[in-house]
Each structure stands twice: as structure tokens, then as C-alpha cells.
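Below are structures written as C-alpha cells.
Heads up, the next two complexes both have subunit A, just with different partners, subunit B and then subunit C.
Coming up: the complex of A and B.
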């Protein structure tokens, strides 16, 4: 029993509420948001160390015995993701000071951000399948606000489709939870895991597994149901896009990996084979999209789809190496996607266009921007010793160990396509003839966007170089994913 | 009872899908409302209709209703009300800005507007 693990959820929620007052005072809004995020980061870092030393932390509300109360569980997977979420939000909010615009800041942009991380952290931490739905709705509601905030024509048009897709997938989520409840008669995730192990996953549970894949896949943007993502994500301004691209799809990925490693582990030849196939097709579809577009936003957005495929490919292998790789790659991808979106936001700001054909020659005017983009691009691809390398290496190794030689080679080959897609941005925007440049670029505004971006890129470099120090944490996370009994034992024992 | 509920849920889902596939934004929103009603009835059915007394437990009480599906439905209803209200406001605002509520006119992206 340890209430400490709730702090990274409650603190952003509390600060979101006090931010609702004084909406016109920008200085108050900015300082309070940063303060709230810093306090949450400290708590989350403490939580990671605590989980590392003492194992998974459990809270059951109202001191009910475990399968009956609502449980919050912070194991290594959840704690690491919560910490990453908060650190990224800190940088994105800082970046937003220079680029989000006064009107949005005065209309509940910061409370929206705080509510979204309340939902995201809650979804990572919860140990109750229905509460997962509730926290999904919290973060979706905040994302509806952020995607439409500003009320431009494109935003209104895209947010209608975004909401419609998510309302339908939420309805499916409720239906799936209802089916699961009728079969196993419990909502506590640890208890579900135990009961499914008892009855050895009959066919109906495999159906429910596929339904869960459909529901979470819609949020995570896997192959047949990623259609909404490129247009919806291109509508809001860059800081919101960075927040969405870094966090929202990853919640879906987390939910898939949680349910597929904790519940549905008794019919691997069907469920995980399906996940494997979908992951590979997702990578192919993302590669096609990333190469097809000449719009910088779209190229990076399709790279989200590729990364989702790579992580789920690691999850589908179901061996410890690949799951450790998936954890490494998941956190790497959150960091590097935020950094890349922030970088192209600066590119868009200095050129005044998103079209690659109109850009060119930025290396002469903005050399520092160019080199940091190159580092981030290499990090995304996984050039050693940058951050993407170790995750991809472990995922591929796990793939070979599980005997999926061809699909592992395909994942490896997709790195080249990713490299090509970001190098196209590099070649078109930074090399060659001088292209279009925006006329009213203010140096101070540029610096305010550039400094947090640089810090985040440097953080990603350290993530790559510091692999040695991170391995014990990631190994812990992988152990929990591969062996559900650690999770279930901790939860069942924690309530007594 | 389960058979009746299955037909009711199925009918609600059918109507919801029919409405969601139509062109008018308002009909789509009504469709999402029906969809969530169907889902809520499904939760109720999935909790099964055993028991007749309210779940006030004391010694010797064996015949009671499972309270959990009702708690779930309550939560889900509140969420779906919130989302529907937001959606309606958004539709109103979009109608003002875009001058249309026809979904076929809202497709496309910046480039091929």
C-alpha cells in the first residue's frame, strides 16, 4: 500500500484545475504549468527508483481486498513510461512558449495539456481494465480540445473525423470489456490474467483478444485502421502535434502490449501471429506513406506508423530479448518523435511552408538547426551509438530467436526506408539552392523554440550512450512483460 | 430475456451504423448516441440477469443482482454524454465556419481542397 504512485496522476490534475483560473494571465499559466510538471517529474523519478528497489507498487482504493477494489499498479513498464511522458511534456510545453500563440495560451491550452497527461499517466498506471477505458476517455477528451483549439477550418474539419473514429472505437472498447467480464467475471487485470490461465483461453477469449487488438489498434494506428492518423495529426499546430505524436499512439501500443503479454498468452500461434503480421504490414504501409509525401509534417507522421509497427513486432515475438527491445524502442521513439516534430516545427517557422519542394539551402542560414536535425534523424534510424540502435538490435535479435527470419529482415530493411525518408527532408530542406524563407523570423522567438529542442536532442543522445545504465531498468520491465506471475503476485499480495 | 436483449442491442447497433454512414453531421451524432446506448445495454446483458433483490448483503442473502455492470454503465453513460455534448458543440461551430454539414464536402486535405 503506497499512495506515492498516484502523485504523477494527481499533481497534473490538480495543476490543471488551478490553471483554469486566471486564463488571461499568460505568465501565471506558463509558470504554473512548468512548476506542476517539474514537481511531477521529481515524483515520477522517485517512483522509478522505488519500483526498481522494491518491486511493483500497488494501491487499492478504499482498502478493499484486491479483486474487488479499483487497483492502481506501478510496475517498471508503467513507471518508466510515466517518467518519459512527463519529461517530454515539459520540453514540449517549453517549446510551445515560442510557437503556440497568445490566443491559444489564453484559451485553456495549458489545462488541456495537463489533463492529457493526467489521462496518459493514468492509463499507464491503472490495473483495472475498465479504468483503462475511463483514463482513455480522459486523455481523448483533452485531445479533442487540443486538436480543435484555435478553430481553423482544417482543424474543425479534421477534428470531426478524429472524434467520430474515437467515439466508435470507445464504444467497441466498452463492448469488449463487457464480453471479457461476462467470460471471466472480473475487471482487475491481475485477476483476469489468473482466471484466463485457469481456463486456458478457450476460443471466445481469442475472439476478445482480437477485439482488443482492434480497439487499441485504432488508437495506436496499426495497419488497416491507421487511415485517420495522417490527416487528423496534420491539422493542429506543431506543439500539439508533437504531444500527440509522442504520447497518444504510444498509449495504444502500451495497452496492446499489456493485454497481449498479461492476458492472452495461451494461444500464441493465433493471437501473436496475427499481431506479427499486422505489425509487418503496418511497417510497409508506413514506409509507403513516408516516401509518398512531400510535406514535412506528413513524412514524420508516417514515421509514427512505422515505429508503432516496429514496437508491436517486438511485442509479438514474446521472448525476453524482444520485449526488452520493445521497451527500449518505445521510450526511444517517444523522445525522438517529439524532438523531430519540434525540429520540423522550426523548419516550418523559418521557411513559412510545409512543402519540401519550396525549401532549400537552410544549411547556409541555420547551420546549427541542420546538424541537430541530422543527429535526430540518425537517432530515429538507429545509427549506433544513438538512441534507436539498441532497441532495434534487441527486437531483431528476438525476432531471429523466435524463428521469424524473413519478417525480422524486413524490419531491418525498413530502417533504410526510414533513413531515406528523413534524408529527403535533409537534402531538400538543408542542401541545394536557397529556397523560400519566411520574412518575419524573429531571432528571439527562434531561440525560444530552438533551446528546448536542442536539449531534447541531447537527451536522446544520452539515452543512446547511456544504454548501459538503463539496461537494468529495461530488463526489469521486460521480465514483468514476459512473466505475468510477477505482476499478478504483486497485485494479489498487495491488497492483503 | 437474453434473447430479447440481443435483438434490442442488435437493432440499436444497426440503426447506429445506418445513421453513422449517412452524410449529414447531425444524423451521425445521433448515430453515435445510439451506438453507445447499444453498448450500455450490452454491458447490462453481459452481467447476466441472475438474482432479483438489490445487492445489500448480510448473512443468508444468496439471491442478489450483480451491481458491477450497473456501475460500469453509469460511468460509460456519463462519458458518452460528455462526448456527445462536445460533439454537438463542435458540429455547430464547424457548420458556422465551414458553411456545410455534409461529410462528403469535408474530405480531403490542405493540398487538394
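Coming up: the complex of A and C.
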């Protein structure tokens, strides 16, 4: 079955279509969405095992020979990210039953979610640079819908900014692809990689590399171009925010890692040095933001920026240890950000405010919520048995091996600030005297939000404990990132 | 003051069919000459827009009682179905098939599954355009 790798993309797409019928029937919408996600998760899990046993899976659309058709490539990196995306979406959709609200559910919320994961999975799987652009647009269009759905004043204001920034970056993406096409004359990623290796990356390709960094950096929110993210992400309701925080910036991170490990590997002293510097400044900027705010949403949103910096710091090292760490950290961060957004969503629901200063003493009324938040917070920071530890450890180790001692120490130090920022939520919201509590908290609604959140936190604990079982998968992913020839060989042979 | 739109309404009734058949022509001509599903869909939508201009939204909705959102969904399912059909025959996704057939009136004709995909595109374009125009038109 060489088409198997397409199923995690096609199934959500198909379910999005059938969800467009029966718009007002909430039960139908919910059940169909969950059913589609479960089937996709099973397929994606099968895909991961398949890739693990048989190497990268390739299919070229329309039975065309390789560089001429659109190739879809599912290597270990893509397969793991696709599986994580689907699992997270499952929990976030489940969480949304308790909090998204009837009006949104009746107005294409679920098709929007399904289209967004079609785009995300497609962007992870594609092996064609222009197809990557198309899948970016698929997920961005769906995200425009989700960010504005509901039509509150803040959402309308922020969606204007969000759309404007993304339209500009998409236009830049097209221009960059046009540049690249005029230089190498192909769009297939494996073919581009081979041709760049042939001409040994002259100056113009380094310019294109920086342009790609600009384009994907705008999606991934790296240092000089992360300005849109904090305000845009504060607008939509929590389940949508969890979806965005867990998936959207990570697609940009993935695209940077892919282009910088597959294409532009011949002028490391310029491109990767630039990536390193930007990653470090991104971490610093994120840290400043995370400490400056007393708004729970903003604190976690700035933690996204920090994590993007840490992952890209790992990618910039270009050695196998750091890339394995970056893979570990990327997937950890997707899981833990979704969990944290879901947790603070519950905190906001029970207190009725996002202002930390007004909260307090939640531990007396909601002890379970408190302890799960603590576990998630420690997981985010990287306390040893939990999920964030191994990724950061490997990234720092890779940093030392590459000789970037000071910046590695700075990344280590940033963990303390991350700890401080989430502990502040813990101390202000859960400890101390009783603060503001929302009056109309329904127990059933609370439970409906709480159960998926807890399951996701437990999943992140297993991700931390089960490092040993995950290492072979991550090692495979790191191998393909460090050695582009595995990727190009697999694609070029796959067409015969 | 009551306006009398008799000329534009009379012309629109005739011109609607001319535009519509031209759209069908463009749609089928797409494989060998410029045209195809996208342009055909836009021209069809413009024919319906002409009716809306000449009459009004309510009248056109009674003449063409179509739920355009369902039309978009059907178009998408048709396009995906055409693309996915080849998966069941063991070929890669999006492999198209064609052959020559002797049709009763048209004679020897080549039929290609790409036309079905184009039909999906056509339905989506008409559906999306009309949804946009209707929602803006109904908005108070």
C-alpha cells in the first residue's frame, strides 16, 4: 500500500467535507469529528510503525516520475509530527465540547478544525516546496476562520492583524519560491537539495536561505517578527488557542528545520550562525515577555516564543545529538503547550478572569487541577522524569559539542525563567487567600473540560518516562535530518 | 417612485442562457484549449449574478433553490473521490484514466477522469462565489 501515508491527510479532509452537511446538528458534528480523528490516529500510528520498519514512505501523485509529479514523503520526522498533531487535535476537540459554545459549534467550527489539520498534516508530509505553500494556505485559511469565529470585538481586531501579517508572509513565500525556482529550476525538495549540492550554494542561494528564514520565521514567530503573535493569540477562545499554540508555529519551525537541514547545508557559518543568533534572541525576548505579564494567557503565549527559540537553537547546531534533541523537544512542546492552554482555560473558567492578581487560593477548591498544573509546569521546564527534560538535555549537549558554550548556557538559564513564569501562575492562582471565583461554574462542564486535560497531562508524563522506547524513533528522525542523502535517495529511487 | 426594469429583465432572461451555455462550452473545452473548471465556474456565477442584478435576491433564490454550501461540499467530495478512486486500483493517488468511446451522437470521444475533477472544481467555484455574493447581499 504505497498510498497509506496519505490517509492521515485525506481522512480529515473527507470528514471536513461531510461535516459541512448537517451544520446545526451538534451531536452529529461532534461524533463525526471524533470518529474521523480516531480513524486518522490509527492510520498515523500505523504509518509511524511502517516508516520505522521500512524507511521513508514515498508516493508521487498521478503515477508521474519523480521530479515531475508532486511527491509526498513521510519520513520519521513527518510521521511523528503527523501522529502528534492528530492526537492533540483529538484531545482539544474533546475539551472544546465543554467550552467552545453552541453558536460556534453550529457555524463550521468542526469543519474548520478538520481543514486546519488537513493543512498541518499536509505541510508536514509534502515533498514539494510549492505544495508546502499550498498546504500552508490551507491551514492559514482555516485558522482565519477559527480566529474570527464568534465575532467578538477583540477577535475582529486581532484577526485583521493576523490576516495582514500572514498575507504578507505568504506573498514573500511565493516570491522566495520564485527566486529558488529561477536558480535551481525545480520544485521537488529532494531534487532541489541535489541541485544545490551540485552548484555548492553560491551567494544567491544564501540570500534565498535568509528569505526562507524570514518567511517561515514569520509563521513560527522568531525574534524580529514575533510581534504579531502575543496579541493575535489572545483573541480566540481557549480550544482554538490551544490548537494554534500547539500546531501552527510548529509548522513554521518544521519548515525551517526542513529547509535548513535539506537545502542550505553548504554555508553553515553564515546561515546557521544567523539562525543561532536569532534563536537565542528569540529566547531572550520570550523570557522578557513571559516575566512581564500578569495575564495567564500571555505568560503561556510567550512561552511558545521561548520554545520556538530552543528548538531552532537545536536545529542551528547541525549535529545529530542536537537534532535528536530538537525532535524530542518539538513533540514535547506541542503536547505540553496544548495541555497548559487547556489547564489555564479551566483556571480562567473557574475564576472568570485572566488577571493573575485577582486570582488566589484555588488549591482549596480545586486540588486536582492544582497538582496537574504543577506537573505540566514542571514538564514544561524540564524537570528530569518529565517530558521536557531529555530534549533540552540533548540540545544543550549538542550545543556544547558544537562549541557554542555561552549560548548553550543561556538556553539552560532560560529554563529558570520559564520555571519562574509558570510558578508565578501557580503561586498567584493556587496559593494564598481566596481570590475571585466565577459564580456560575457548572460541575458537569468543568468535568468535561478537566478529563481530556488530565489525560493529556498523563500522556506527557508517559512521554517523559518512556524516553527509552521513543529514542529509536527520534534517532531515525535525527539521522534523516543530519544526512540529506537518505531523504534524497529515498525520494529519487521511489519514483522508479 | 416605482422604477420599471422591463428591458433589463427581458434581456437578462435571454443573456442568462447565452452566458450559461458559454460557461459550459468553456468548461468542456478546458482540456485542449484555454478554459476549464475555474473559469467555467466563474462565468456561471456571473450569469446568476446577472439574474440577481436584474431581479432581486429572493426571486433568484426561488428560481434556483440551491444550498450553495452543500454545492461546495459536493464539489469537494467529487474532486477527492476522483483523486482517491485510483487508490483502490493500486495506483498512486491522483492517477487519472482515459479512453476513447463511441458515443451515440457525438461519435468517437475521449473521456478522461480529469473532467470529473474539473466538475468538482466547477461546483466549488460556483458555490463559493454565490455564497459570498448571497451572504453580502442578504446582510443588513
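The working rule: the second predicted complex is superposed on the first by the 495 of 496 C-alpha atoms of A that agree within 3 Å, B and C clash if a C-alpha of one lies under 4 Å from a C-alpha of the other, contacts with A are read in each partner's own complex, and residues count from 1 in each chain.
Just so it is clear, a contact is a pair of C-beta atoms (placed from the backbone, for glycine too) under 8 Å apart; a residue touches a chain by one contact, two chains touch by 3 or more.
What you see is a predicted model, and the numbers here were worked out from it, not measured in a lab.
> Looking at the overlay, what does A:35 touch: subunit B (first), subunit C (second), both, or neither?
Neither partner.
> Looking at the overlay, what does A:63 touch: subunit B (first), subunit C (second), both, or neither?
second
> Touch check for A:20: first (subunit B), second (subunit C), both, or neither?
second
> Based on the superposed arrangement, let me know which partner A:234 touches: subunit B (first), subunit C (second), both, or neither?
After superposition on chain A, A:234 lies in contact with subunit B alone.
> Take the contacts of subunit A with subunit B and those with subunit C, and give the residues found in both.
none
> Quick one: in the complex, what on subunit C touches subunit A?
Residues of subunit C touching subunit A: 69-70, 72-73, 76-77, 80, 84, 86-87, 91-96.
> Please give the residue numbers of subunit B that touch subunit A in the complex, ascending.
Of all residues in subunit B, those touching subunit A are 20, 25, 28, 32, 35-36, 38-40, 42-43, 45-48, 68-69, 72, 75-76, 79, 82-83, 86-87, 90-91, 93-94, 97-98, 103, 106, 109-111.
> In their shared complex, at which residues does subunit A touch subunit C?
It is residues 2-3, 6, 10, 13-14, 17-18, 20-21, 23, 59-63 of subunit A that touch subunit C.
> Under the stated contact criterion, what part of subunit A meets subunit B in this complex?
130, 133-134, 137, 141, 144, 148, 151, 153-154, 156-157, 159-161, 163-164, 167-168, 170-171, 174-175, 177-179, 181-182, 187, 231, 234, 295
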